[in-house]
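In order of appearance the chains are A, B, C and D, and numbering begins at 1 in each one.
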């Protein structure tokens, strides 16, 4: 059981998800301004910054809240833990998700302000092709399997580096550039810049992420049938602390 | 002895090899589309994604199957282990290799579909110059020495990061861009994109990889004469778990 | 208590801060000379070199002085430790900061000389927009939270890689390219090259960094209320040595 | 005392130094061919491959020979160890250095052949400006301090990643692109490609490296006065094995 008060964990989820969005959007703005002639180079710069920044944020806040920063991660933890009495309770889940979404929006505003943009500008980047949805399913399923595989095999301490590396790679190998996170997806709608997503494209991406999480849960049932017993360990304290 | 049922390990080998091919081909498609003017930048993007993605896949599936994802790794494990009663049995080897090859083909199809390409398009990229075969010999020999050196010195937990780093480097230092894996080579024939290889070039590359594996085994006999005793540890559980 | 004589620790702080500035300025000169057509690529090269170089310098000198290399890190350590009898004493703080600043200036001279520039050339790069100050506040706050979060959770051994990764990411996600260090900021005024900052822009940046440190301390009070008890561990021996 | 027979260690030093040169030259050839329009991008590709490849080679061969791959590292180990009865003996030093140099030359030939070049082509790249020699002094001094600092503080297991990261950074922050290794410098004279050095420039570079090693030893006397007692641990078994 996690003995850190819920309010403190909620603050950590809000700050962490917010700074993750700041990293994604901020580095995207810098990349598109500084490398205007090659979109691939922009994505490489964006992926470099995100892989390192995400790893650092998980290291920084993991001991407080588990550093989910992602409603589908929290949701799967609740789902897997239900069966074993581990994981987030439904009340905790109901507190984590709004904190993640609110933090994500504020993180987008912070990135916009840091770069002298309007505090909010709705993204006009449409991301709605069917093959991009398939990309999101793959990206999210892989993320879920990774996180719970590490927890289930006693290697939660490797989660910060592994999750950062995964997203840095998935920016490239999925056609959707791997959002894989409903809260971050919502936040990215608030910035009409490199990493943005048009509000009209949100429902498709979020649905694809939920479907990907379901695929991930199904794969875990095959690969790590005991993953549920590690839900508590994985999600509440995926901290980078050696056990 | 590995107590995980063989069917589960086979599934892990198929998924892992498949996703490795998805990473290689998918990031190659993204790189060539987004950075059309510099092939070196495309290869850097491809290498960045592959190094991180391969490390993550080994972390993710190592505890289940050993995360070989490569018939020559499985083959060498069987070969070295024969002498000491360790390593894969011939029956296990006979199950691993088809799973790896099937997974690789499906991984290519997944990458093609994620990027809106036809499910299968035979590659037209010929890779058959003699100096490229030399590149494959070097690439595969180095990979074999690395994996069994780590196992033999009790450092299998470093295999995920080390193997990812090795391939990321070998993309650059070998003239063949380091396929070093017969299953992945076959999978890459199914996509006429950046990372593809024409079917007619397959036999040369696979032969060079087998020759490289033999060179690797010879080098191990000199450098790590006791490597065979670690075959069980290396190949079945190259998991990233500290011992 | 740190039993290494203060004079030796001061030498380490001077050398480490100096070499950090050499890394930042030197790689900036190389990047702008070799990649003249894309500022983003220059920043990527600069960030790559700085992330790796900073991590190495903390590994190299952490066991001697704690490897602060940064007056706001030393200052926060003193501040947090005051309440608990941990951390730097005011006398130690008064020795660390001048060593850091002197080292930074000499590091700039070394970079200039290595690249055949005049030993000193005042930077003419103005960095004074309000949104850049916001960038410095964010960058410094994040750095402070990271360092003391790691110490407070018994993971000071991860500080070298984590701090290097953080700065490599923050080069991109903050609009100020994340100086986050008053000593390094002063040193960078002594080189009219890629990484320089005009002397007239110094006060604004340093004030923003101090404000960011205050924000970091406030966040620590919420997230890691016991951080002060780890001040001794974090700052004097953030060494990369497992405990 | 290292119980591995000297002949085996010599083979490891030869193979390791050789493959290091293969990595440096091979990735340099690929980079200059594939990214013909931006020398900075070539150096970034070269640094990416070298940082990862060097780390992997030290992991691979450290348990056999200590993975010096560098006459000045072996020389300093002998020098520091003389005073304490640790480190390489003069006989071992006399075996290590020729193996390193011979391996380096063969590694250059292998890189040339892999890329379809003549087996040997004398480099015509002159590297003889005074500020480049200063770069070599800085690069070599830093390398020596790093290696013996890690050993002296019981962190030799971090040497592979740390040395790879150091060289990757020093490619950028030193004006000489950080050869920092007399054997590798000699090997690089045998390839008239991106990473080559004209034979006439060899003496200046090697002398600067020896001077840098002396500076490194002087710095160690200040920073880690007990480094000599760790010479045995550092140089013979800088293996990446946790103690």
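Note that a residue touches a chain if its C-beta (ideal position, glycine included) is under 8 Å from a C-beta of that chain, and two chains touch if they have at least 3 such contacts.
These numbers were taken from a predicted model, which means no experiment stands behind them.
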| item | value |
| --- | --- |
| Chains touching both chain B and chain D | none |
| Neighbouring chains shared between chain A and chain B, ordered by label | none |
| Magnitude of the superposing rotation for chain C and chain D (Cα, nearest 5°) | 90 |
| Shared interface numbering between chain C and chain A [over half = same, under half = different] | different |
| Approximate Å spacing (C-alpha centroids) for the pair chain A, chain C | 28 |
| Centre-to-centre distance between chain D and chain A (centres being mean Cα positions), rounded to whole Å | 40 |
| Residues of chain A whose C-beta touches two or more other chains | 38, 41, 44, 48 |
| Interchain pairs in contact, sorted by label | A-B, A-C, B-D, C-D |
| Chain C residues within the chain D interface of the complex | 8, 11-12, 15, 19, 22-23, 26-27, 30-31, 33-35, 37-38, 41-42, 44-46, 48-50, 52-53, 55-56, 59-61, 63-64, 110-111, 113-116, 239-241 |
| Complex contact set, residues of chain B against chain D | 38-41, 43-44, 47-48, 51, 129, 131, 134-135, 138, 142, 145-146, 149-150, 153-155, 158, 162, 165-166, 168-175, 219, 222-224 |
